[in-house]
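The structure under discussion appears below in the form of structure tokens.
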Amino acid sequence: MQTTEEATAPPFIEVEHLTTGYEPGKPVLSDVSLTVRQGEFVCILGPSGCGKSTLLSTLSGLMPPLEGTIRINQRDLYRDEIKKGEEPRLGYVFQDHRLLPWRTVAQNISLVLKAAGVPDADHEEIIRHYLRMLHIEQFYDSWPLNLSGGQRQRVSIARALAVDPLYVLMDEPFSTLDEVTARTMRQELLEVWSESGKTIIFVTHSIREAVFLADRIFGLTTNPGRLYRTIDVDIPRIRDYEDLEIAQLEAEIIADLLEEWGQAAPARDGAG
Amino acid sequence: MVTVVSEAPTQAPAESRKRALSILGVLAALAGGVVIWYGVGLLVPRFPLAHEVVASGWNLLVTPSSYVDLLATFRRVLIGFVGATILGIPLGTLMGASPIWRGLFKPWTIGALSIPGPVAIITAILILGIGESSALVALVVSVLPYVSNIIMDSVGGLDHALDDAARVFRISKRDKWRHVIAPQLLPGIFAAVRTAFALSWKLVVVIEALGTSRGVGSQMQRSFRVLDVAEGIAWAVLFTLIMWGVEVLVFKRIESHLLRWRPEVRAI
Amino acid sequence: MLVLWSLLYDYTTFLPSPGEVLEEARSMFGNTDVFAPILGSLWRLLLGLVIGFVAGLMLALQSTRGVFLAQVTNTYVRIALTVPSLLVALLGLVIFGISDWAAVLTVAVIVFPFAAVPMIEGVKSLDPELQKMGHVYRMSRMSVIRHVVLPHMAPFLFSAIRNSHALGWKVLIVAEIFSVQSGIGQQFNRAFSLFDLPRVIVWLVIFLLIIGFIEYGVLAVFERRVFRWRSNRNGRRTVAVGV
């Protein structure tokens, strides 16, 4: 396991001692602290039910934490006075596309652009730019249900980027796609990321996917829900999904995880 | 422009054969119906043969007073189904959104749903007396619960996943209503309106037969009473054809437009 | 809730008070034979429903044998769906004169599409894989029908029964008023010609009670037993549209 390096840039997103959950007495995640630097691609890795999505909800500004603080660019997301219209713009890509099926692709993106305060006259140009970036410009006037799953997710990503967000949250966006499509999408996501320079927080339960995509990985575990490890992925870009180094790191993480689980279940013999 | 995602190899010959068969099927069914008709006509003493009905129908079409009846009936259908819709949509929305109201009104809607047409008009007449208003009241009361039920189910079935997306992207309340919620309710509203119309014109005939003096239903009743069966059937067929015409010309068109975003628009 | 509401019914101007209605009911039960018309109607309804269902089933089976037959079936179903019940009732009257058959067949005709459509859907969605499984395990044809086909069709059948039961009653009343001179429909008609509003209301209540009893008593119990193996999915009731 690599040690965390000294950060050279000021933290962009700071999470301190975060405890979140739906009910005050029953936290899903406890005492999570992490930082994300601007332009980083970080992955939140964990099994189902460990509170990954809850963490995302809190990061998106929609679910106040039970305890702890979240700061974006030095400003507290929940406690500082944020004027209407100055709320941080963020992009969100869901696991299911969550596009309005009764609006065309362009109209879907136009809707969020409007919500972000972009004047109507600029919409077309912006939409076309991002659709081009995702290689789907020809679907400008298409109905979402006429597109394939992969294409819909591209629209979803284009939508997230089009608002020029401070940061982008992605909740297992490729988990419903077949493997071939998913591989293509991961590749393209990295291209889009390097082209746009956005900060991306990507949730997944696939270790290999996380290692392939991220600069850093935050490993979460359940019982209790907490951050048990931060992993730096020092493998140089451009990465190959079949890279030996990726496989190695994946194996290390798995071993680490098993050890972790061994600690969480005292009856079992922990992996050596 | 709808873009086709994947091109399946076109099966031209199989498709057109299917179509030919289906058209043949419809024609055969209709032909069979006519044959049965003649059969019955020959067997049953007073039953008219098809051409007699056609003659009667023609006769009706050229008689000016028929149009008075047709118009009267049509007016009632219009008022009935519009009234049921205007009252039914708010009621359905209320019942769909709040369990309290649902519990309150549920027994009433179920009751109104079960009341047969003739009973409704009978009750209405005994309460309000013979006249236009009792016919209209009976019609509206009978159709209303169907509308409110459809709307109620529609409101209850809203997709909340899209609400999350709207929140995250900070879409304004107005836009959310216009783009997320309303389009989900629209098919329900449309279904309710279409159902209300279909129901109204079938019900109005029964109501008229018992409770009014002019109109298709009462004319039908009269014809059968004097054993002019051909004319009675002619009235019914005429009216049915006209109403079918309205349903196809008006409602189908609107339906295709509203549902054009669906991957396969299948007209029922 | 219903009771509370009906007690608020003190519009003695154009509606009879609950007291009057009760009085009427009491005298009715004392003087006239209430049960004969009820039984007569029940009997006619049952017959009509059975015939309608059998016809629906037969047509559903036919519809699977190719496009041609499917369209023939489809046409008949559509026509039966949209023809006004009054017409059918009056035709029944002409054909059969004043007899039970007129009412029974009217119900059968109007109800039949509501049975046919769910059954066509059921037959269409029959999983051929399950039938293959039956074949592999050498289940007899009877066995296959009993254990594979019937349970699959059951929910469709039930939704058909639920829908057509209430509808059947309404159609029956129409038929009875116009083409038969017995049964509950006739009671309504008589009360109407006597301008006897309390009487109409009494019969209306009786009518609603019967329907309610059958729906929530008989049908619901039966349904629960048949669907024991399912996790509670069948909640919504769809109501048949018709007159």
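First chain written, first letter: the chains are A, B and C, and each begins at residue 1.
The rule is simple: a contact is a pair of C-beta atoms (placed from the backbone, for glycine too) under 8 Å apart; a residue touches a chain by one contact, two chains touch by 3 or more.
Being a predicted model, the structure only gives us computed values, none of them experimental.
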item: Smallest count of steps, each to a touching chain, taking subunit A to subunit C; value: 2
item: Most widely separated chain from subunit C, with each centre as the mean of CA atoms; value: A
item: Chain closest to the middle, measuring from C-alpha centroids that were averaged per chain; value: B
item: Comparison of A-B and B-C by number of C-beta pairs in contact, larger one; value: B-C
item: Between subunit A and subunit C, centroid-to-centroid distance (C-alpha), Å; value: 55
item: Interchain centroid distance [CA atoms averaged], subunit A/subunit B, Å; value: 50
item: Whole-Å gap separating subunit B and subunit C, where each centre is the average of the chain's CA atoms; value: 20
item: Contact set on subunit C toward subunit B in their complex; value: 1-2, 5, 14-15, 66-76, 79, 82-87, 90-91, 93-95, 166, 169-171, 173-174, 177-178, 185, 188, 191-192, 195-197, 200-201, 204, 207-208, 211-212, 236, 239, 241-243
item: Interface residues, subunit A side, partner subunit B - complex; value: 60, 62, 87, 89-90, 92, 94, 96, 98, 100-103, 111-112, 114-116, 138-139, 141-148, 151, 159, 163
item: Subunit B to subunit C touching residues, read off their complex; value: 18, 21-26, 28-30, 32-33, 40, 44, 46-47, 103-104, 107-108, 111, 113-119, 122-123, 125-128, 146, 149, 153, 195, 198-199, 201-203, 205-206, 209-210, 217, 220, 224, 229, 232-233, 236, 240, 244
item: Contact set on subunit B toward subunit A in their complex; value: 1-6, 161-162, 164-165, 167-172, 175, 179-180, 183, 260-263
